[in-house]
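Some structures to go through are shown next.
First chain A sits with chain B, and in the next complex the same chain sits with chain C.
And now, the complex of A and B:
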């Protein structure tokens, strides 16, 4: 482990520098696609975090939408335009909402946990849809171009700034989640997956470990939603729809749960596959995604990330 | 001697099956007590009641004079009661060392979200715990890859790592071969007697009870039918009939 840790840190830093530098050679739309992928990777990271404790959620889009709408409301009702402030507000809203719902949800497991989350996300979806005067209903809310650290940016410079902000935020939050996983609570979550009874017989609260993980996952999704709102410039109730939650689970399986970087890789892969599949075959792109998921489940059950383990194993022979 | 564990009128039924009825017993500080009885006599139920996994219908459980009857397992563990299981309850996807480190972190009450579990001082202590149980060589292996005997020892090591005042072991030699059972018990008793932990162990094997317990309790259909010095109790024809089915 001590020998692997510096290698992993070097790889992480190398990837970060590479990602920060790619705007020099990439076109605008690819940059936008990477921004979306990086932002969504945070919501997927939350799903992966919960999956480590064998907690599958089909309602994680709830917090994604909470983050996006917290930013949207702050813009609409308080005229806030500063991206960093909007991100902080979104994080606060996501943490507050997950801390509140987590009091109940953290008591459930398996299908009840999955469906309770789904139910809450659909309740929010309904509210966003029906409270037209507040949320804009199906029209959603427009998010005007934000300022970043007080700087007025627009067009390609804003796109570039949003990309760099997403890269930095994703890297920081991936690192913080990695630290969480390496902590006693992170290990407790893994222990819960294997044997909840034994965890209680260690004098450790299972509920607390699940609750803390749930709140962290909610916060990650809220930041993700806010980044999407700022990058896309428009939000709708669909952000909270069950298919969005399904997409997060899809990407989590695609990337794998073996590493904190897996959601990022899975998310980037997913966005590119979806875009190219849509471009090549606009009416059957969902089928293409379905086939890819089937191939992953049958041939790479550990997700795309498990390929790195194969490469490392072959390299060490 | 002061009583560490005391039960007063402890009663628990499963439907019409009597698992414990009006159970009054006391275990003093520093004792090593063996519990024997045929299948279904209420031995494991007693451990489950004492550790809060099951709640009695009547009666109470006192730990060092404090009533723990209504407390959940987590709270009772924090008061210094640890247990092992007949079928080892482990985290199969974690390494042997990681499981012990988690026990050590739990003992210290340090289940935080930032500082790493694998601190050098904790790892050192974890390896010492594993060495006591002859498991140090397996530290880096996944628990799921361990043979049954080693799992049994690790199950007990996790409980001992909590440094309990009272250790409850459910059939520590179950699943261990006849040739190895004394070796396993020698290892366990060596660790336990060195740390002065009060111990209650449930066992089917008369030889193990005779050799390692200072006092024995005989359970039969939820009642304690005899107790005392092992050799004398096990020589009692009534006890042999109840436990072995013959004199």
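And now, the complex of A and C:
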């Protein structure tokens, strides 16, 4: 990748402009679908980042819900309506939460890491359900239409603005995560994947790399949750449920962990497939996911992204 | 005083149930070194099949006493059909791959089984309370308590005792110990390791399904129970130490009593209590109470 970096950046910018221009051609539900996909891609990006360090989490929806509810609470109790402020608050809440839980979780690997996260996310789920007076229980919280940078936008112009905001924010965060992954800490994460003990023998702190990555992944998921809250306009405790975390893992594996762009591709693909598969047969949705996941594990371990590598290789030949 | 007794009895009941389920999870992990994320779904399958058999049987009007046997039949059928199927067809292919791939595999099986249950039994609650009410109630220290929980505790004790006997007193136990210690050396000793894996996985599946079948008369069943069971029993074995049967027993007791105390004294803390204990234990003893520290190999 580094050798072709200029090409990659050009491609990236091209894709960005193309995506930003999508509303000129398409509208309505496809735009909404893409907004949701772009927003969720950020949570998946966090999962992918951790997976690069061989860390599988089944509780990443925890931070997704923290972001969404941080926004929801700010709206309900402090009357904050500015989208950018809400996003900043969500990021802060997500980072604070992951920085706190990370103190415990970052000490664990493999099974423990996966299930500690799952346990914490289910605790949050239970609390969101039970603290009815604060969180609205199963009814959740409604989020009124926000203002964007001070502008009162309503209806379709707000949806358009949310789409553009999501595209820009996702692009920026994908790029920053890519930069993080190319940083010394990012390289440590790669080395951890190969052999953690040897990394420590080199005198590099494994714990620090894992902790930092965990906090970043938490922040990404919180921004993702807030974007979803703002676009959908309603949040429920289900945001923290295990099936949501499972979905993030699924999309991460579907897209592949080969690139920081893979989560975006995986996420868009997932939202479209879900849109059709769910209408076709709602009762076999999870089964469909399970079967696809099995197929990927056995036949396409690199995810959909590895197909692009195939195309590139063939093209350069 | 009466309240304390109720708390203790409820805690014991809950602990017995927890032990049945988590013993299976920890046993499978101990032998195969794979945490089976579909464990909760095997529980659900056992519970639904048990409830169905009991309801069918109750409709015929024969003596209710035989219904208890049907619960065991359900558990064994689920465990011995689905368990080996998962291990032989899927799990076996990923032993050489990364641990997270193994977790992902059992996760995808869990997703599939989740819908199998929904497709077979629908989404309406299923409840087969006959074995529970048939045993009647007992007056104990001024409170009125059902007999069935005592049966559950007795079964949990029997299962625990049986596991302990098998592991410490039989040839099979020695074979298991050798496979756990070193898979390759066991192979050269002439132990059929793949077969041990299949049976160990099946045994874990039977225990999960048994836990499900035995609780079917106590609570009504609804979809989604699998994840809750998995998470709770993971908390139990994390407290006790992954792979340790004794740890699962102690963990069940701690979690059972804590949960029941929380339900009566601090209802809001209910689930929170379990994870608080788990976090505390892991903070001070990361390998769990009875767990062994894994040797790190370079």
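Remarks
In the analysis below, the second predicted complex is superposed on the first by the 303 of 317 C-alpha atoms of A that agree within 3 Å, B and C clash if a C-alpha of one lies under 4 Å from a C-alpha of the other, contacts with A are read in each partner's own complex, and residues count from 1 in each chain.
We take it that a residue touches a chain if its C-beta (ideal position, glycine included) is under 8 Å from a C-beta of that chain, and two chains touch if they have at least 3 such contacts.
Keep in mind the model is a prediction, meaning the values are calculated, not measured.
Of the two partner chains, both chain B and chain C are touched by A:198. With both structures placed on the common chain, the touch criterion links A:246 to chain C but leaves chain B unconnected. Of the two partner chains, chain B is the only one that A:209 touches; chain C does not reach it. By the touch criterion defined above, A:77 lies against neither chain B nor chain C after alignment on the C-alpha atoms of chain A.
Between chain B and chain C, more residues of chain A are touched by C.
Once the two complexes are laid over each other on the shared chain, residue contacts for A:114 go to chain C alone; chain B is not touched. Within the superposed three-chain model, A:183 lies in touch with chain B and out of touch with chain C [touch as defined at top]. Comparing the two interfaces of chain A, the one with chain B and the one with chain C have residues 195, 197-198, 201 in common. Residue ranges of chain A in contact with chain B, taken from their complex: 1, 179-180, 182-188, 190-191, 193-195, 197-198, 200-205, 208-209, 212, 216.
Within the complex formed with chain A, the residues of chain C that make contact are 29, 35, 37, 90, 93-94, 98-101, 103-105, 107-112, 114-116, 118-119, 227-228, 231, 234-235, 238, 242, 268, 270-272, 275, 278-279, 282-283, 286, 296-298. The touching residues of chain B, counted against chain A in their complex, run 51, 53, 72-75, 77-78, 82-83, 89-94, 98-99, 101-103, 105-107, 110-118, 158-159, 162. The touching residues of chain A, counted against chain C in their complex, run 51, 54-56, 58, 104, 107-108, 110-112, 114-116, 118-120, 122-123, 126-127, 130-131, 195, 197-198, 201, 242-243, 246, 249, 253, 283-287, 289-291, 293-294, 297-298, 301.
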